[in-house]
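See structure below.
First chain written, first letter: the chains are A, B and C, and each begins at residue 1.
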Amino acid sequence: MQMQQNMPTSTPSKRRVLGPCSHILAAAHTGSWRLERPSVDESLCIRCGTCARYCPTACITVSREGSPLSFDWTYCKGCGICANECPKKALKMIPEGSDD
Amino acid sequence: MPVKMFDGNGAAVEAIRLARPGVIAAYPITPQSSIAEHLADEVANGNIDAEYVRVESEHSAMSVSIGAQLTGVRVATATASVGLALMHEVCGVAAGCRVPIVMPVVNRSLVAPWSLWCDHSDTMAERDTGWLQFYCATVQEILDLTLCAYRISEHEEVLTPSMVCFDGFYLSHSMQRVDTPTDEEAWDFVKPYVRRNMYLDPQDVMFINDLCPTVEHTEMKYQQMMGFRRAAEVAKDVFAEYKQKFGRELHTVESYMLDDADVAVVTIGSMSGTGKYVVNQLREKGIKAGLLRICMFRPFPAEEVREALKNVKVIGVVDRSSGLGAAQGPVCSEVKAALYGAGVGKVFGFVGGIAGRDISDGSFRKIFGELLDVYEGKADDCNTWFDVRDDAMNIREVEMPC
Amino acid sequence: MQKIKFYGIGGQGAVTAAKILSIAVSVHQDEYAITVPAYGHERRGAPVFAHIIVDDKPVLLNCYVYEPDIVVVFDDKLIDMGVDVGEGCTPDTILVINTQSDEMIERYRSEYGFGTIYACDATGAAIANIGLSIPNSAMLGALAKTGVVSIEAVTAAVKESFGKVGEKNANAAEYAYEHTVKA
């Protein structure tokens, strides 16, 4: 049986719930699954946004100025679809923890 | 209490209206269609203040119902036959997620052969999905049991959905007088819906029906079993309260002339009145006949069945579904299991009334005739299938060019 | 207890008539009735049946009528459509028939052996009062002649069942009641 907090989440009391549900959504932070992460070669990137459209967790933001791509590392699970879809081969997957 | 005229579907709609649902998602199917239609009328006319979701299938109807009720409103849906079969997967979700939906089911045969007519093969196929099941004998009982089902299902220690089952056409399209509580009386009994378990709320996110690991799954089934165990007790309390408020007695099982009975039938659904009529006829001839009606099939009231039948010498259990391949029809299997080890008389299963075939007073006279033959030692077995045509194995012929 | 069987043709309102009879008996006569409609593959023009049991105490039976006390025939053509309206009947069974032909009445009498026949041109009554050839309200008026239900109960039930055209249908029932003859 999963224990969960009563609503709202800040209330410290716990309440019994029957059946399958969870309130602590740690597993939803898919960034913790990552073994590889995407790395962008800014000289090749044309800011077309293909990677952002294909990203299954919608964690890529494309900027018009400055650094072209930013990633939400809480949710990027390192699947590599962005690198696969990039028309300019500007993205590549590198081991998690390594430098660019 | 005002007397109104309803057919069975009308009584189900009236009970739903009295329970004030906030969301309705129903898909029409014969013989349930007029429930889906009249619920839409009631919403359009402002008699029910609800959102009517026009879903594209029964699978969606139950899915919408579950999602909606988890937000904290009572929902309404209804189905029959293959519609219920299409719902099967999601019925398990409602039960496992402890969403206490109350759903009228109009009994109609499952395919094949295609049929529009009554038998219990549809709801009997759902008997182990984790829903409470009530079987009505009259149109009055459809209203009464539906109102009670809300109270039983929504009880915080039960939290288990209910099917209120009634026979297609025999009840769904039979016009009968119904004592109907006023809106206030009914609301005072049913009470507003309160969410007592998990919920959907965008302000307070919860993940419902996640992949449950083996180390917890058995425990969740155990929780459901405990819900059923409590339902048996809660049902009796709710029926007692209903009787006190509205004067009508409801049962988990109903005994009729069983105290001194030598032979008895066990019935379920609309056939029961006809069975009682034949019991009266036999009693006039001095034959000690009786009847036991199963009103609540899930949880199965095994102890009450045992107690009611303990002194009967020969018992016939009438199933309105074929129970293909099973040792007995589903009702008979339950009754036999309940009686095992109790040292009671002989029990025989009967199967008939399939896909709208009438179970008439004549059918019951035949069944009692066979039981009496056993009782008097003239026979030691009964024919399981009754009212079957003699040419059963040769009813259609086709010329085929080899 | 009176067991009644309705025979009609899809579109004539026989099933509706059975429901209205149930209302007339249960609400306006304070007795009990149960209808068991026998739905088939519904379509206009096909034979339809309805079964009604009326009693002064609650009706236990919930099955079809096999030995009717009263048979109500909504269309005299049924005799030529392969429908046996005499099924389960005895000479005591009363026939109520929608016809304007003495010849038809004699055919029903000789073919099925009905002892008592009430005849009424219910279709004519419907056309005269409602402007439609749907004889169901008128047939209930004719049925009231047998005494199983009062004409007052029939007109009250018809009025509340048909809404805007309730008055006209009640008139049709009344008219038919007055013009039903014991043949």
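One rule holds in what follows: a contact is a pair of C-beta atoms (placed from the backbone, for glycine too) under 8 Å apart; a residue touches a chain by one contact, two chains touch by 3 or more.
Please read these numbers as outputs of a predicted model, since none were measured by experiment.
Q: With chains as vertices joined when they touch, what's the shape: line, ring, star, complete or other?
A: line
Q: Which chain pair racks up the highest number of C-beta contacts?
A: B-C
Q: Centre to centre, by mean C-alpha position, how many angstrom separate subunit A and subunit C?
A: So the centre of subunit A lies 74 Å away from the centre of subunit C.
Q: Taking each chain's centre as the mean position of its Cα atoms, how many Å separate subunit A from subunit B?
A: 49
Q: Could you please state the distance in Å, as a whole number, between where the Cα atoms of subunit B are centred and where those of subunit C are centred?
A: Between these chains, centre-to-centre, one finds 33 Å.
Q: By the touch rule stated above, which residues of subunit C touch at least two different other chains?
A: none
Q: Note which residues of subunit B are touching subunit A in the complex, please.
A: For this pair, the touching residues of subunit B are 96-98, 159, 197-199, 201, 203-210, 212, 216, 219-220, 223, 227.
Q: Along subunit B, where are the residues that touch subunit C in the complex?
A: 3, 5, 7, 31, 116-117, 137-138, 169-171, 173-177, 270-274, 276-277, 280, 358-363
Q: Can you name the residues of subunit C that touch subunit B in the complex?
A: Those residues of subunit C that touch subunit B are 18-19, 22-23, 26-27, 32-39, 59-64, 66.
Q: With touch defined as at the start, can you tell me which subunit A residues reach subunit B in the complex?
A: Subunit A residues touching subunit B: 1-2, 4, 7-9, 17-23, 25, 28.
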